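Right after this note come the structures.
You will see chain A twice below: alongside chain B first, and alongside chain C after that.
And then the complex of A and B:
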C-alpha cells in the first residue's frame, strides 16, 4: 500500500514534469527568429508566396502560437508527437525506429563504464595514494576532460584506417542483412536467429563507439566509487571487522561495498543520461542510426516536432532512470524508506 | 581610522589567500600541473597575435594539406591555412567561452538558488521544479536545441551554455541557504528591520561564494568541452573563425590527413584537463572527509 502511494506520486510528478518540459521546448523552439520555412524550402520556392503560404498552412505554422501550442498538447495527450517535417513520418514512428540503436549502444557502454569504473575505483581506494591510485586518478580526469568527438575520430583513424582492427561505421557490415526485429538489439537478435557470425559482426561494430562513450563516463564512476568506499572504510564497523581478522578482499566485497554502492548507483544513472548527450556527437561520427543522429539532423533542419519529440523522450528516460535508482536504494539499503 | 582598519583587514585577507594558494601549489602536484596548464593557455590567448606566425584565416592554395614541418608546425588544412596559427588564435574563443559561461551561470544560479532557498514554501517549490526541468536534459542536447533555434553565432552559443549550466549552482546554493538562513545573525538582521533583499545579498549569499567558486572551477572544463562540442556540430561562431571544435570537424572530411583534427583536439583536451585537475584538487582540499588523504 505504501509502495502504491509512492509510485502514484512519482508518476504524477513525472507527468507534470513532462508537461513542463514539452512547454519549455515548445517555447524555445517557437519564440525564435529562425524560420522552418526557410530551412525546408529552397531559395526558388521561397520566392513564390503561394508555395510558402501552402507550406505554412500544411504544417499549421500560419496559426497563432497559442493555437499551435493547444493542438500540440492535445496531440501529446493522445500519444501523438506530430509529424516530422524532414522525414514526413510520425515522430513517434521515427523515434521507435531510431531508439533501439541508441539503446543498444548506450547499454553496452554503461555496462563497460560501470565494470571498469567500479573496478578501478576499488583499486584506487584500497591502494590509496600509491601509484595505482594516482594513475587511476589521472586516467579518470583525462576521461572526464576528453572531447569525445575527437576521440571518436582518432579511434577510427587508428583502429579502422591504420590497423584495420575495427570495422567501419554503422551498426552492421553491408555483407549482412540486419536481423529481424525482436529486442531491437542487433547482437541479441542475431543470436536469436542462430547466426553467430552476424552477432560477432554487430558486436565488433559496438566496440569502438562503446569504448569511446564509456571512457567519458568511467572517470566519474571511478572517482565516486573511490571516495564513497574511502568514507565507508573509515567507519567503526569496518574497523571492527578488520580487528576480527576479516581479510581485505572479503571485507570490501561483503562489508563495505554494499554501503559504498549507493552514491555509485546515482552516478551510474546520471552517467547513462549523460551518455545520451554524448550520443549526438558519437552517432554523428560513427554513422550510427540512432536518436542522437536523428536529433542532430532535426536540429539542423529546424524540425520542431522532431526536436520536441527527442527532448521528451530523453526527459522521460532521465526521470525513469531516477525512479529506478530510487527504488534500487530501497533494495540495497533497507534503511532507506520510500517517502 | 576606520578605513585604515578596513584596509589592513583586506590586505591580510589577500595575503592569506596568496599564502593558501602558495601552499596548495607547492603541496598538491595535480593542482600545480592543472594551474600551470591553464596559465599557459591564458598567456597563449593574450599574446596570440605575437605567437601565431601566419594569419589564421589567410588561405594559401599552393600549401594545402601540408604535413607538419618547420614552416607549418601543425601542418595546413584544406584551405592551406596554418593549423598552428589557428590553434593559437582559437584559444581566445575557447577561453572566452569557458570563462563567460562559468561566470554568468554562477551569478545567475547563485541568485536564483538564493531566492528559492531564502523564500522557501511555494516559491522555492516552483523555482526548483523549473531548475529540475532544465537539468532533465543532457546539457549538449538542450544547448543544441537553443542554439539552432536562435541561429548560430558566438553570442547565442554562449547564451545556450549559460542556460544549460546554471541549475547546478542554483541547487547547491539553495541547499546552503537553507542552513545559513537559520543563523542568529540573520535573525538579528531581520529584527533590525533590514530589507529581505539586503539580507539575502549582504548576509547570506557571501557565505556561499567559496563553494560556488569551487563549483565554477569544476564546471570550467565542462563549459569548454560543451562549447567545443557545439562548434564541432557547426553551432558555434560561423566560419572561418578559428574554433577548435569546428577545426576537429574539418577532420571528418579529410580523414586521412591526421594532423587536421589531431592538434585542435589536443588543445581542447589539454585545456579541459588543466581546468579539471585544478577543480578536482580544490574540491578534495575543501572536503574535510577527503582532506586527510592528500
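And then the complex of A and C:
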C-alpha cells in the first residue's frame, strides 16, 4: 500500500514534469528567429507564395502560436506527439524506430562501464597508492578528460583501420539483413532468430562504440567507487570485523560493498542517462542510426514536433532511471526502505 | 580468482592506454603504413563481395545524405539524385557532356513558337511491376509534380496542359516558350511513375493533389518506376538498399544489389574505403584525401561541380553602405585572391566570371587567377571616396558546400580585403537564422552558395535585377533594366544560337558590374576501389549507378 502511494506520487510528478518540458521546449524552439519554411522548402519553392501557404497550412504553421500550442498539448494528452516535417512519419513511430539502436548501445556500454568501473575502483581502494591504483587512476582521468569524438575517431583508427579487430560502422554488416524486430536489440533479435553468426556480427558492431562510451563513463564510476569504498573501509564496524579476523575478500564483499555502493549506483544511473542523452557525436562517427542523430537532424531542420518528442523521451528516461535507482537503494540498504 | 580478474582489468586498461599514446600515429598519413596491414586489409576487402556468387555482385557506396523522401514529386535533395535515377526513368537523360538526350522519348517536335512539345514515347518500356508504360503514366507524373505543390513544383509550373492523343504520344503545352524545358525534363523530379501502382497507394495527380495525395510516404519506402533498380528498403540515417530490375528495358545493370550506407563522418568514410568496406566513397572532402593518396587500392577522382560559392554585396545603400557602390564592388573583385580561394575549394575548382557557372550552356570561360590586382582595388576605393577603407559586417552562415566550410573561405576573403583597407568583421550565424536574413535581403555583405535547381543556364538568371535571387542583394529591376530585359528574353528564346548570344551579352554586361562576386565552383573528390568503373562524378546525378560496374 505504501509502495502504491509512492509510485502514484512519482507518476503524477512525471506527468507534470513532461507537460513542463513540452511547454519549455515548445517556447524555446519557437523563439528561434527563423521559420521551418526556410529549412524545408527549396529556394524556388520559398519564392512561390502559393507553395509556402500550402506548406504552412499542411503543418498547421498558419495558425497563431497559442493555437499551435493548444493543438500540440491536446495531441500529447492522447499520446500523439505529432508528425515530423522532415520524415513525414508520426514522431512516436520515428522514436520507436531510432530508440532501440540507442538503447542497445547505451545498455551495453553502461554494463561494461559498471563492471570495469566498479572492479577497478575496488582494486584502487584495496591497493591504495600502490602501482595498480596509480594506473587505474591515470586511466580513469584520461577517460573523463578526453573529448568523446576524439576517443571515437582514435578507437576507429586503431582497432578498425590499423588492427582490423573491430568491424566498421553501423549496427550490422551489409552482408546480413537486419533481424526481425522483436526487442529492437539486434543481438537479442538475432539470437531469437537462431542466427548465431548474425548475432556475433551485431555484437562485434557494438564493441567499439560501446567501449568508447563506456570509457567515458567508467572513469567516473571508478573514482566514485574508490573514494566511497575508502570511506567505508575507515569506519569502526569494518575495523571491528577485521579485528574479529574476517578475511579481506569477504570483508569487502559482505561488509563494505553494500554501504559503498549507494553513491556508485547514483553515478551509474546518471551516467546511463547521460549516455542516452549525449550520444550525438558517437552516433555520427560510428554511423549508428540512433536518437542522437535523429535529434541533431531535427534541430537543424526546425522540426518542432520531433524536437519536443526527443526532449520528452530524454525526460522520461531520466525520471525512470532515477526511479529505478531509488528502488535499488531500498534493496541494498534496508534503512532506506523503512523511511 | 580475484587476482586474475585484477590482472585482466589492468591488461584491458593498458591496451587502452596504448591506444591513447598512439595519438601521433593518427596525424600521419594512413597511406604510409597501409603496406604493413596489407594482409588485414586483404581479408577485410573480401567481406562485401566475397560471399557473393558471380552475377550477384553487391556495390557499397558511402554517402552523407540529405534525403528524406524518394517521391519524385516531393524529393528535392541533391543526394536523392543517384537513388532516384536508379529507380526512375526520365523522358530525357543527361549524357557525359551534360546534354539531355532522349531516353523514354523516341522522338519529339516543338511547335507553336516553342510552347507545344509533342513527345513520341518508346513502346518497349515496362515498369518493375510488370505494367506497360503508356502516355497515361507520363501525364499522371507531370500533372502530379505540378499539383503536389512541393519543392520541385516550380519546374512544372508553366505547364498548361498535358494531353494524350494515343498510348505513345504526349503533347505538353507551356504558358510561355522555355528554352530550358528539355533540360528540366532531365531532372529526377520528372521521373515517370507507374500510375496504376501509385494510385492504388493513394496517389492523386489532379488539382486537389496538394491535399488529397497520400502516396508520398509509400513512395519513400517503395518504388514505382521503370528504372534499372527497385527500392528494396530505406532505413533513415542508416542505409538505402536497391535491388536490380532484371527486366530493365535498356539492359540489366551490373550489380545485383546496391547499398548506399549513411556515414556522416568523412574521416570514418575514408577509413572504410581504405579498408575495402566500401566500393565508392562520395562523402569525402579535401581533408581526408591526403590520407588516401598513394593507396594502391583506391583511385581518387577530382571533378569540378556546379556548386558555386559567391559573395553578395548589397545594392541598397541603406543596408549595404559602401558595399552598394559599384566602384567598391569592383574593388572587391580586384582584391580577392582567386588562386588562394581555389586552393581552399579543392582540386577541380574554378572561378566563373559571372553567375553562370563554367560548364553551362553559353557560359563565359573561367576567370583568370591573374585578375587579382590590389593596386587597382585601392585606386577604385579612393575614387569611391574611401581612401582609408571602411568597416563592414560580413555575414557568414555556419554551413559548408561539399565539405568546404563557408567560414574558412570567408576568413580568406576577409584577409584579402584587409590588404586593400576594407575591414570585414565576420559575424557567424546558424543556417536557420541566416537564411531568413539572406532571403529577405537584409545582409550587407555575405558569403553564400548556390547549386542549380536544373541543369541549364536559365536557372542562373534568377540572379539578375528584379529576379528572386537578385532581390536578395536588393538589385531591383530599375537598377539595370537593360540586363533584366535581356534575361527575360533569354528565358523565352528557344533557338540555341540566339539564346547563346543573349546569354553572352548578359554576362559581358555584368561580369564587372553587379552585386555578385562568384568565388569558385567547388571541387568534388570521389574515391573508388580499383576494379570499379563508371563511378565518375556527374553534375546531373552525382553518380550514375546504372553505369557503375565492378570487376
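FYI, the second predicted complex is superposed on the first by the 335 of 339 C-alpha atoms of A that agree within 3 Å, B and C clash if a C-alpha of one lies under 4 Å from a C-alpha of the other, contacts with A are read in each partner's own complex, and residues count from 1 in each chain.
Rule of thumb we're sticking to: a residue touches a chain if its C-beta (ideal position, glycine included) is under 8 Å from a C-beta of that chain, and two chains touch if they have at least 3 such contacts.
Small disclaimer: the values here were computed from a predicted structure and weren't measured.
Model built by superposing both complexes on chain A: chain B and chain C clash.
In the superposition on chain A, A:146 makes contact with both chain B and chain C. By the touch criterion defined above, A:128 lies against chain B but remains apart from chain C after alignment on the C-alpha atoms of chain A. In the superposed pair of complexes, A:194 makes contact with neither chain B nor chain C. Contacts of A:280 after superposition on the shared chain: chain B is touched, whereas chain C is not.
In the superposed model, A:314 makes contact with chain B only, not with chain C. In the superposition on chain A, A:169 contacts chain C only, with no contact to chain B. Of the two partner chains placed by the overlay, chain B and chain C both lie in contact with A:300.
By the touch criterion stated above, A:28 is placed in contact with chain B alone, chain C being left untouched.
More residues of chain A are touched by C (comparison of chain B with chain C). In the superposed pair of complexes, A:79 makes contact with neither chain B nor chain C.
Once the two structures sit on top of each other via chain A, chain C runs into chain B at 238-246, and not at any other stretch of 4-12, 238-246 or 274-282. According to the touch criterion, the shared surface of chain A, contacted by chain B in one complex and chain C in the other, consists of residues 32-34, 138, 142, 146, 153-154, 156-157, 161, 284-285, 300, 302. Here chain A touches chain C in the complex through residues 32-35, 38-39, 41-48, 50-51, 54-55, 58, 86-89, 97-98, 116, 119-120, 123, 132, 135-136, 138-139, 142, 146, 153-164, 167-171, 173-175, 178, 211, 215, 249, 284-287, 289, 293-294, 297, 300, 302, going by the rule given at the top. In the complex of the two chains, the chain A residues touching chain B come out as 16-17, 20-21, 24-25, 28-29, 32-34, 128-129, 137-138, 141-142, 144-151, 153-154, 156-157, 161, 223, 227, 230-231, 234, 273-274, 276-278, 280-281, 284-285, 295-296, 299-300, 302, 307, 310-311, 314-315, 318-319. Across the interface of their complex, chain A is touched by residues 2, 5-6, 9-10, 12-14, 16-17, 19-20, 22-23, 25-26, 30, 33, 37, 40-41, 43-44, 47-48, 51, 58, 60, 68-69, 76, 149-154, 157, 210-211, 216-217, 220, 235-239, 259, 261-265, 267-268, 271-272, 274-275, 277, 431-433, 435-436, 439, 453, 462, 468-469 of chain C. Residues 30, 129-130, 132-134, 136-142, 144-146, 148-151, 221, 225, 228-229, 232-234, 245, 248-249, 251-252, 255-256, 258, 261-262, 265, 268-269, 272-273, 275-277, 280, 289-290, 293-294 of chain B are the ones touching chain A in the complex.
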